[in-house]
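Listed after this line are the structures, all set down as structure tokens.
First chain A sits with chain B, and in the next complex the same chain sits with chain C.
Right, the complex of A and B next:
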């Protein structure tokens, strides 16, 4: 006899969502994919901490909340365009407010040659067929609960293509804004990004919010790099501490392609970031850099999974974590060098800094190697500020808080040293400094 | 300027300073000498406010203020500078950036206008000449990868920029070859002025060949057991610290016990 589970408000509230009319509704394959993912989500519910991937991130509090599934007035919410600007980022811009595309805030009038940039909602209403493969995906793992939810409910997002050989000179700016709504709100965005052979793109992903309500946002991004494509992907996450933000990114890399990811996580109450990268072509190279700086009761969980699947592929990952007050950070970096990926080079460094005795950071680097002639290195540490250095700075006149901030920024510096956009790098640096208590 | 009276201090439960008294007036150069374990570095650390040093009795006043009640950064702003025996390497913090932030923090505390980067650069150029430091060091992280001599010269350079009223040099001569020693001494001498005092803590007399002290004190077992002029340092060099112990019956009896 099966025991009927206790009612979960989060899941119960979802049944009504099955009747939502989303962009693209009416296309049989899309309706079916959405319904299957919704059913799968409702059947399995939210993962609990017995699932390895959610071991350090409990979703109990989230499961007790009820959200409105979508904001019907998102297109008319007042947003000050000034909050969207980022120094050093002046290319095309696509803005979503509570998960809904906002033409009035976006900048799409003069797209450079070779760049296709459209909101998903538009593509779905016009001709969703080219996205059939991406959007019919089934997430088999119960731990991918939010990806299922996203597949069931996302009606908007980014569709970006760079034509083979095209080099996009200015960075493309993707802005996801959580705006004040009528109550607690859940919204979703689905991004499909592809760089053709030899294409080059700088992409800035920017998360911010000013909503006093609880927001749950999920973002699922599929990024494909064809052979020899080059991507610089920069992420600034500055959401409000009332936000739950779940991001899931897949990266497929062709031969001799190169992707560099830089992530700065400052905001959010509960944040989960999954990066699944597959180095499928020979000599593909992935560099990932990231840092979270947390305070209050923030909880940020980063999960990096990198698979080397081809000859002479390389990945280098440098991640830093800083937690103050009662914040909690989680980092898991799993690198697999699969059979046949001979001559690959994989390294992972994760260092963490606890600024308070009540803060906690859990880190777990994992390395599995099934290939020959592989160079691999990984290390993880959790420590405190160097008291001798702190005293040295104070003895020269720097107040305690300033000395602490200076050392903390220095600790994070390795992460951004390789960011080529100097103006943006300085902005990251000062945003980080401003976030320190 | 500085008045230390009957100072007792302990580290990790062990009494190190046992009734040290010393008065330093503006313009004076005092040398504190003594054998290992006498409490020389403890004195420097207590004066600069390092954690872990517990003052159990006595007082220290600096220009009439209770120095021991001040945080390390407040002591710095009041004009106390410690040149570290072991300058700390701080990766990721640019030397120049740090020094400007420190100077401006001090000036702010004193109610003086902060220096902008042009004014600061001008000041740095002036002081670089004194210290013969290559400006390449300024672009590196604080003390990171510096040689022993470079670290000590960087301490004196910081002192030159911060212009303290009282400079405490904690075994600045240790580990230096003769050329580096001369450069450090030259930097110190260039900074001597009628309103600045120095407390030079050293194990060896050789630094005093280049920095002429007005007073030499011998520290032994946490107390000053002998004070004199610069000739005292020469006597110590000749006879060793045992000579002081022999002249002090109390110490001598402790040594025998």
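Right, the complex of A and C next:
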């Protein structure tokens, strides 16, 4: 289905990438895995809208562009450290500029006990063997095209481990910065994260950029939660509105583990976010919350796939979308309850505000149920702000724009009510408000 | 034991026998009458022969050939959540008609009438009592239309498609393929090339059709497919309620049924289309059964028009069907009410499409899926609001009920909204019959099977009340029969 008859500049440009020297090159298995993934990506090309997973996100424009594959001066690009700070986030920090680890901007000196935190490039140069399994993964689905590209070209990222039973008090801050470069740049980061039995971690993932170029970034994260582990994962995406950002996260959850994901998508020109969660152990629980607020010509596509595979697992997902001006918001929330996953309780709600006649919302909540002792429900709406509420606020003297912003914030705020880090929650709210027109 | 699912009295009499026999397909008899059929196979020649056999004019033959040529270029669709065995289109006979062609209802082969009798179709005398005008399609040919005269008096045309092509070519040429174009999809293209007969309904301006119109389809001959084509046109301010029922005998092979139904509603017209589909579902191991691949679409062409689809789907090995509404006229209304039940190894992928184009258009979708045994039951729907559809409104509710641990119930709703004044809402739930509900009924002395059928009946009520009365009774009974042996 995804053959490329005519030469596609994007794919053509990739052939040169085969000769890139990446961290870890020289290890036969890693070279083979990278080569294989690159060949597979070039053979299949970019997925088109006939592929179900890309039905609402056309990559035509992207396919016509050429990128530089890697930034050789990333380590010396000037970054104002002030832009990296987030209120309420003062733990260890790992900073990547154009996909390359920056020791000078990171904060790794005083790691709490039980936490191993290293850039992937370092691990690959020292001893990549422990990552063999994670880095030799094969991606076959059309939705995984960029994961394949990432597997072929990523040379840096985060390797994070929390030892069994360790509770990491301060949130770990991962910062991905797109910086000004000599031309359009493609960079890739790969994260391997594992929480041992009963481990607890707060993780903040922060995307930002100040580059005038139209970078392409791909980020693949494999997160494993062993039994009874607890993860709070918060994502603030504030990339520049010219950039393309593709994130692909997979989450494997053991028995009685608990993961909570909070996502705020504000930036990016073309953003695709895939979350594949597998609740593999009995009584695992996943909560996902997310908001995108779009304007201009932004296009954000969130694809949530949650698979209940064990007894008494639960998932609750609450997502909100706001599309203004000429923006397009796409949401897919698929819940699968596998055979034998009795006692599963799954719910998903996706509500959207469509604020302009040039904007578009496409949403597709899905349920696939193969067990009968289940509770599963989903709901999705597309609508606009309540005229009466607007009138109420205006009659009390609020200007139209302000009344609109207030109601829109209220619409989105519910999503972050469950965020335990209060300072960060407030920051999310004000970032959201600032982003509104 | 034969089927008599038309009157509650007979049903009650048979209930004990049915219970004793366990679940079986009650319409599974074969009527042994001589049939004329084309040899199996599909080619341009077959299409020409078929057209010649039916004495069709040149334009119709060309229309078919165009569709056939287009079909050859199309790939088989694989997007539905269905596991379809390869279909050998060359092994199917595309035309089978009862040999003694009837001149009028009185000339109809008594065996054939007997077959309809068994099915409980109120043909002939019984029709008068029931007050339903019936066009019965047996294999490929329409065998008789009742109440012609009464309908003609008010100007309603209700006849077979072949007759319409001969008698009303200008109407057919104007509307045929205008809702479902020949190349719309794989099975619609196939149907356009080889459709053998079907019903044609024309309700002139301002006429409220005085009775419910009805078609009964039956596949009788082996190795045949049924490809009927229905076209209903309601002019300005007209109203019609149309019922459709289907059955087929038990056979080990899979038979193909690829129909196309087109509805056209002009200004202020109102079409209500109800289906009770009870094609042979195959046996418990999934052998045999009908492949039911149907394209149904209504076009609300005029302002303030309304099209309402109601379907009860209990039969067929595989159902692939999405009755849709194109809401073109301002303030037009589309409705879809569905109960789909799958048992044993049946597969259903069904739902609807509501395309909002006109201003102030409204649509409502209520879908109830019940899966039992090892079956798979999916709702797949699209609600699309185009840029110009100011103030469009949609409400969708999809509920699934699971009976047993080996079945699947799935929901795939698509919502595409391009207008900021539109409101689109979708809600879906999946659950099983709760132990609490069962316990409540059991503690009041209601047997388990009765309790289940009562709960299922309540689950489907929202849809059943949209059905015309006699159909509602049939649907309820069908559901009960289909669910026998599903519990315990």
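The criterion applied here is as follows: the second predicted complex is superposed on the first by the 431 of 437 C-alpha atoms of A that agree within 3 Å, B and C clash if a C-alpha of one lies under 4 Å from a C-alpha of the other, contacts with A are read in each partner's own complex, and residues count from 1 in each chain.
Note that in this section a residue touches a chain if its C-beta (ideal position, glycine included) is under 8 Å from a C-beta of that chain, and two chains touch if they have at least 3 such contacts.
Keep in mind that this is a model prediction, so the values were computed, not measured.
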Taking the superposition on A as described, I'd like to know which of chain B and chain C A:305 touches: first, second, both or neither. neither
Applying the document's definition of touch, where does A:354 land relative to chain B and chain C: first, second, both, or neither? second
Looking at A:394 after the superposition, I want to know if it touches chain B, chain C, both of them or none. Which is it: first, second, both, neither? first
Can A:370 be said to touch chain B (first), chain C (second), both, or neither? second
Is chain A touched at more residues by chain B or by chain C? C
Go through the superposed model and pick first if A:410 touches only chain B, second if only chain C, both, or neither. first
State whether A:58 touches chain B only (first), chain C only (second), both chains, or neither. neither
Once the structures are superposed on A, label A:402 by its partner contacts, choosing first (chain B), second (chain C), both or neither. first
Go through chain A and flag every residue that touches chain B in one model and chain C in the other. none
Residue numbers of chain C touching chain A in their complex, please. 79, 385, 387, 400, 402-432
Interfacial residue positions of chain A with respect to chain C in the complex: 52, 56, 339-340, 342, 352, 354-357, 359-384
Chain B contact footprint on chain A (complex, rising order): 386-389, 391-400, 402-403, 406-407, 409-411, 413-414
Residues on chain B engaged by chain A in the complex (per definition of touch): 48-51, 71-73, 75-77, 81-82, 84, 87-88, 90-93, 98-99, 101-103, 105-106, 109, 141-142, 158, 162
